[in-house]
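Every chain is named by a letter (A, B, C, D and E) in the order it is written, and numbering of its residues begins at 1.
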Amino acid sequence: MNLEDQLTEIINNLQFLKVESTLMLGAILLLVGGMITKSGILIKSVYAGVILLAFYFNWQGLAVGSTLSESLFLTSTSQHFTAIFLLSSLIILLYKRADEHATEFYFLILSLIVGSLFIMKANSFLVTYLAVELTSFGAYILTNFSFKKKAHEAGIKYLLFGALSSAIMLFGFGLIYGISGSFYLSELGSFDLELVGNAGILMMLFGLFFKASIVPLHVWVPATYQEAPNDATAILSIVPKLGALVLIQRIYSIVQSEWILNLCLILGMLTILSGVLSALRQSGARRMISFGAIAHSGFLFPFALILSETSIQAFWWYAVAYAIMNVAVFYFLEEFESRGLDRLEDFSGLGDNNPIMFVSVTVLLISLIGLPPVAGFTAKFFLFTTLWEQYQSDGQLIFIACLVVAVFATVISLFFYLRIPYYLFLVKEQTSRSIEFSFWTKFIATLFSIVLLLLFFVPQILTVMQQLLKSTP
Amino acid sequence: MSEIGLHMYLCLAALLFSSGLFVVLSKRNAVFVLIGIELMLNGANLVLASFSQIDLNGQIFAIFSVVLTVCEVAIALAILLNVYKKYATSDLDDLQEIGNG
Amino acid sequence: MENILSYIFLFPLLIAAVMLFIRSDSTGIFKRLALAATSVQLVLSLFLFFQFDKSTVISNWADAFQFVEKIDWINMKLGSVGVLNIDYFIGVDGISMPLIALSSLVLLIGVIASWNLTEKTKGYFILYLILSSSIIGCFIALDFFLFYLCFEFMLLPMFFLIGIWGGKRRSYASIKFFLYTLVGSLFILVVMIGLYLSVVEDGANTFSLIGMMNGSYSSDSFLDPASGKTIFGYSARAVAFIFLLIGFGIKLPMVPVHTWLPDAHVEAPTAISVVLAGLLLKVGAFGFFRILYGVFPDMAVEYAGTIAIIGVLSILYGGLNALAQNDLKRMVAYSSVSHMGFVLVGLASMTSEGAAGSLFHMVSHGLISPALFIIAGVIYDRTSNRQMENFSGLAGKMPVYTFFTALFFFAGLGLPGLSGFVGELMVLLGVFKTTSLPIWIGLLATSGIAVSAAYFLWTIQRMFFGKYFVREKEWESRMIDLDLREKLMLVPLGLLVLILGIYPRLILDVSESTINFFTQHIANSIP
Amino acid sequence: MSIELLILLVLFSPLIGGLIEAFVRKGSGLIPSVFIGLSFAISLILLFVTDSPEFIRWEWLNSFLIGIQLDKTATILLLLVSFISLLVHVFSMVYMKEDPGVNRYFLKLGFFTFSMFGLILSDHMLLLFVFWELVGLASYLLIGFWYRKEGVPSAARMAFMVNRVADIALFAGILLLSAQVDSIFLSELSGQWFLLPSLLIAIGAFGKSAQFPFSGWLTKAMAGPTPVSALIHAATMVAAGVYLLYRVSPFLHESVMTMIAIIGAVTALYGGISAMTQNDLKKALAYSTISQLGYMVLGIGVGSAGASMFHLWTHAFFKAGLFLAAGSIIHYFHQLSENGGQAIDSQDMRRMGGLKDKLPVTFWSFSICGLALAGIPFFSGFISKEGIILSSLVWAGQKGTLAYLIPDIALLTALLTSFYIGRMFFLIFLGEPRRTIKQSQIVYSEAAAIRIPLFLLAAGSLWVFYNWNPMAHVSWVNTYFDLGSVPEGNFFSAFITLVAIFLAAGGIVLAYFLFKPGARTLRTYTTDTRSVSILGRNVFNGFYLTQSYQGLGLATYIFSKKLAWADKKIIDGFIHFFAVGTVVLAKVVDLIDKLIVDGLVNLSARIASFFGRRFSGVHSREAQWQLIWLFIGFVLILTWILFF
Amino acid sequence: MILIVQIALFIMTLLGVGIIVLSKNVVHAAYALALVLVSLAGIYVMLNSELLAVVQILLYAGGVVILLVFGVMLTNRLRNGKLLTHSGNTFVAALISVSVFASLLYLIDKIPLMSLGNSEAGNQIGQLGVSFLTDHLVAFELIAFILLVALVGASYLAKMSSDE
């Protein structure tokens, strides 16, 4: 193939980068805009516009397969998850955000999303690595964005972990590349990887585990989630994590070796357990939720390793539910923290004070536990179904073990998630405080809980959404 | 053949990687830890470069990775500057404020 | 009246939704609304009870259900499972019908019991009405998912009702309650998914309980009896059965997973104890009927001995524990453990007498134990104390109270002429009649009746007979006899206990054909 | 009027009467008495109109029939119960007049009568059990009637509990039987039953009839009002066990029958001995009742159920008479103490004496009933008791040498019986009052409601109503009990009759010598409580001519004392121990519950928190330690991949 | 000749690494890192990766080391006139490092032998250039964006720290 043809083809294929290009150009636009104006509303509307446009492009364009000289590999899954990313990044506009850092903040959020989109779609090792790093850079910087003392501590620790894991990942890429001579994920299946290749894959997966906060690369999560600004945390807990999981899913679908399955499921179980067990002992609300988020990574993990159709759909469903829950939970935390409610004890006896708000919180937490009648339950239900079905079809006990651990963890998660409602409603207030919320806040809170309830009662909404994404014009 | 074979390069890479790791794990100073990470990244780069005999992709990867490393160090130092401002130290041991309670 | 079942089910929810929009400082309105809601529920379910066709011939589980409503609820394509099909599928048969009637009565009484509540009435009654709906929902659900939903959804309102309005150690009790029952329901959830993946109806996997009970498994599926699949070397069906046994056993409660019950009862406010003892335990027992025995008859046959032994153990253990208690409410709570043991024993006998007896005993206990908790509540309302040693000779001071106490105590100890006797009698008839259980099980179960007599009589002697005495001076002025509200609760319960004791066919006729089919269904599964 | 309606009328009218008394028109017992009278009248009619058994059956549970029947036996027993109940009602109208709870009392009494009728009329064994329990409940309620009094509640509970334990056996027996035989209608019983159900049913009967070792409750039951004791604990309820045994005796397992005979004999002897030293009037009568019930059970055991039922009948009359007489005496002392303003123990026989003149009707009726009890010819007790003794002899003849113990015990008990009733008689009525009360201020005469029942019962204890021949051992009443015949008399039987008469008379004479007015025994009787030493003084100062008698008497006396003690300590004690033991067990179980079952839960929580702590080490604040953890994980996984 | 150069480069690298590992002075370590980086650039040349070598010297040795030294200066107080740091967990760290090293060696041992230096010297730079804009266009685009992000982020953070 001569150069000219190659270039023509690339130009033709550039349309598959529409979403990412929009976001990148939008980010630059935002930066430029930030130089002109300091108006927060303007910045936010530019940001919203960019996201909406990207959403439109995402809805519009679909190609399946590798493109752009095999740099990217597009699947319908990645398209669906793109929608989740875009939507959740739109929702964080609801959070309170001072105009001060708005330009840089939203710029970095966009970069983070771009990075994650590339993670999902990457095919060449290089793009994978770059995408992971891009996501990480955005995340490192965003962690500092509350400009508090502890935020920087969290930031530097996060960065060191990240750099380390990327070093491991890079080494892994080197090994795979060396042993197979291949430079593309999609070709992994066509080689006998042998020991070295497998070690390389393991090291590569480590980098992804870091993004997906899987044991033992989850240690950065609590500090980071605790200290980053809430809107950034919401995005951090959703976007890179899901992106990495989607990529793991694709890698596993290509390689499909037994040891990856076993390793990942065991790590998944450990993740769940370490998340819930550590959360038990936390006294700060956000720290507790962070550990809960780790556990949720563990819950999400099996989906990436089960390739049945059920799993793929359930993965999407769980991801949507998870995204909504996390956006909501950090929204609430933001509202509470701005009123000085950081630690669990601070919530004592506030339940009567503001029933709408706190009942919504309770609904949300129930959803995080995974009890009916909220979306979290349906998500867990799909998880259990997937595991059962997989066990039924191939009879590997590890799926049952996973199921047992998931069930067990659900019980434990009851203990810590329920502590917030426990303090809210069951513990009597010592001094009378009055916490006020604006109508708008209450409205959003109610909206969140209604959505969670709705998803339980009409779960097909999400499949319909999927269908809509598929039936592109 | 009188030249040093591929394996020796790879061994050097492994050595760089592991000693970088040692530095990361044992030195208290954040800058020192960064240096350790640089060593590790260089080890990985060396692997890529060694394998670039197959095609150019290895070298390209390594070049990109060098660029990324620079970015990373820049960000790290920016953060470190902030940390130093707040904590008046760059020892990781002294950064222990985040935790339960 | 076509959708009468839905009205019964959803009306309280509707009222709860209405309450949401009422300002919380208008306290009086909530209890009145709740009263109205539960009254309507009661009227409708009585109507249903008398409309129920007792004479249907059942040859298939689908025939057993009346007033069936089926609406597509969730219908989503889910990968290789095919279409995830969850229906709003409800109906009543002879087993659930008496329980529905019982539920609406007890729920109404629960509202009356909480009439004097002043603290946070809005939240209380909203939660209460949600609870009512979920309880009814459990009894009428024909879709396992719907059942599970209602089953699980009883927990949260209960958690808050105990935790917010309960006694001193309420948080401990509520968390213990929640933890135990959540563990139980997760066991059920796992089995539910397994069943869903194994049972097909019209070519698609289904949650329909009818399909599950009829045993239309897809061939070589996991829980198909013919497939003989195993988990860790045990038959998959046996594992599923044990899971369900634990799940529903916790709710029932059976020894040794009963310890949540005394704590929850003691700390719960009176009305909640009433509902808890009267209905929630019945939901557990209903699970045995509908799911353990309905869906896994073969395993039920295999594990009959185990269940019977657990039942006998519950009877004696609960009874002996009750004897040791000084707290009136705790005593009653343990007596519940003891009584629910009879339900297990009756089911294990697998005869129509035993099964009908279990059902009857559930209804009867559903009338007696609420009354006993109301009785404990009466003394607690007046003195904030329930320790038996603090009272003596109340008979002279509060004769009407004493009369009702004695009535329900004697009903509890199985005095003939009152409903408690009939249930125990039928259970024991079944146990002695069946060939699958050894005689000593029957003898031990019978001796449980003596234990129950011991603790009830001792309590009467300690609290009501002898010289009048109360521990604190200030209680003296408050020791007045029952007021109208309390009588309003106890009189209907007392009358029903008497009526059912004399004319048990009021219940038995309704359930007869279903129970007969039920036992036949189990018998058919014996290879 | 159809017979069914009449039956229902008999059955329910006491209950209706009681309900009216309690809730509608609160009087002092007139209405319930009228209603009982109605029952009595109808029973009388039924006695004459019923030729063949009448059945009423209905479906109680699904496809589970129960029913009532009215056969000859039922009619005659209905008559008996309604008659005694009527008299007790009338008596109570005076006895209970001043009690504030009188309305409640009549309701309970009516309820009891209703239940007792039901028990007699039940055809189905389960229905019988139902009424059996209701009768027990009524007994419980009536014993506990004065619930404020010390000891009364626990007495009521003990009575009920002992009964309950036996009832459980009966219940289990019935259920077991229902699974083993075709029908458990009393009228349709057939075949020979297996050992276990037979045994269980017999135990149930023993409980209600206060047989050894269940006898303890009956003495406790004396805590109730005395008319109640007359009706329930002497005449009717306690006989229910005998009645049940009568109904089922043809079908019981053979060895169970032998056991019944033995238990009956033991009980008879035990009751007789214990009764000899009682100081409490009602206690003595209670032991006497136990002894007599022993006779009846013995009779059933030896196969002459008819004779037992006849003894039941006569016993109902004379024992009810004795109790009502006791009630009259107690009532008298109550009046005295209320008017005299001093509290006195109204039941201690040692402090009585000389009541012959104060209470003439009581005196006469007590004498007649007492003689009937003692088994003196010309009184009903003689006829019925003779039937049982003779039957037991015949039975022993068939069984073999060792079996002669049974009739021997029966005869010995006859001696004891006449001794203790004689003692009571002498202590109560003869001599001078051994109590200093200003009696002169009070004018007391027995009310009509007291006199008439006493008179009727005393009359019913005369021989003429049963057989013109005072030396006979059967009567027309026997024809109503066609299960188990009474053997014909012969020379041997006449000899035995003579022996029995001699024993009975001897007992009274013995009692006379010991307790005649002015006897040395009595002088110190009231003050000295150390009764053994009193007897010792008797030995040396009194009747040394009959040293051997005295020695025997002393031994018997001491033994009886010991037995009474044993009764109190061992049998009661056993029950007590049993109860305490159960409570202890319950506490231990409770402890286990707290420690182990709950402990497990707490333990798992602790384990969880332990692991939680360990895991939080991973999240230590030292970044490098976290890294170390991370790499330990990395190395482990890598090693796993590399080497496995 | 080549061998001697190679050995020299190896020795220099090892020397640098040794200094870094053993030194307590951060500044010394930074200089030693420069040494390592430069030697590595030489090694890259040996491996026929000239462009990489250039980039290594320009960016790494020139950029990173200077950044690090500045970093050291800006963020460390002088202790006795020297920038000393102490180390901890040495034993555990050494254990882990050695085991990682051992595992890697084990892995390397498994890699099949390949001969070096047979690549065509030709127009490597040109090929690289074409490949940047064709095969690795996306990566190229991405790295540009990453540079922007890093620039904006780092400068903003630095600015914030100096603002206060």
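Simple rule for what comes next: a residue touches a chain if its C-beta (ideal position, glycine included) is under 8 Å from a C-beta of that chain, and two chains touch if they have at least 3 such contacts.
Keep in mind it's a predicted model, so treat the numbers as computed, not measured.
Other chains, considered apart from chain D, form one piece (clusters defined by touching).
Ranked by how far their CA centres sit from the centre of chain D, the chains are topped by E. Which two chains touch most often is answered by the contact tally, and the pair is B-E.
Centroids built from CA atoms put chain D at 40 Å from chain C.
Chain centres here are Cα averages; for chain B and chain D they lie 98 Å apart. The centroid of the Cα atoms in chain B and the matching centroid in chain E are 7 Å apart.
Between chain A and chain B the centroid-to-centroid distance comes to 27 Å (mean Cα coordinates, whole Å).
Touching two or more other chains at once are residues 126, 130, 133, 137, 140-141, 144, 147, 157, 160, 164, 168, 175, 178, 195, 199, 222, 281 of chain A.
Contact of a single residue of chain E with at least two other chains is seen at positions 88-89, 92-93, 96, 100, 103, 107, 111, 135-136, 139, 143, 146, 149-150, 153-154, 157, 160. In this structure, the chains touch in the following pairs: A-B, A-C, A-D, A-E, B-D, B-E, C-D, D-E. The touching residues of chain D, counted against chain C in their complex, run 59-62, 64, 126, 129-131, 133-134, 137, 144, 147-148, 150, 152-154, 156-157, 160-161, 164-165, 168, 171-172, 175-176, 178-179, 196, 579, 582-583, 585-587, 589-590, 593, 597-598, 601. Contact residues on chain E toward chain D in their complex (touch as defined above): 88-89, 92-93, 96, 99-100, 103, 106-107. Only residues 176, 256, 259, 317, 320-325, 353, 356, 393, 395-396, 410, 415-417, 421-422, 425-426, 428-429, 431-433, 439, 442-443, 446-447, 449-451, 453-454, 457-458, 460-461, 464-468, 504-505, 508-509, 512 of chain C touch chain D when the two sit together in their complex. Chain contact summary for the complex, chain B toward chain E: residues 1-12, 14-19, 21-23, 25-32, 34-36, 38-39, 42, 45-46, 49-50, 52-53, 56-60, 62-64, 66-75, 77-85, 88-91, 93. Within the complex formed with chain A, the residues of chain D that make contact are 608-609, 611-613, 615-616, 618-619, 623, 626-627, 629-630, 632-634, 637-638, 640-642.
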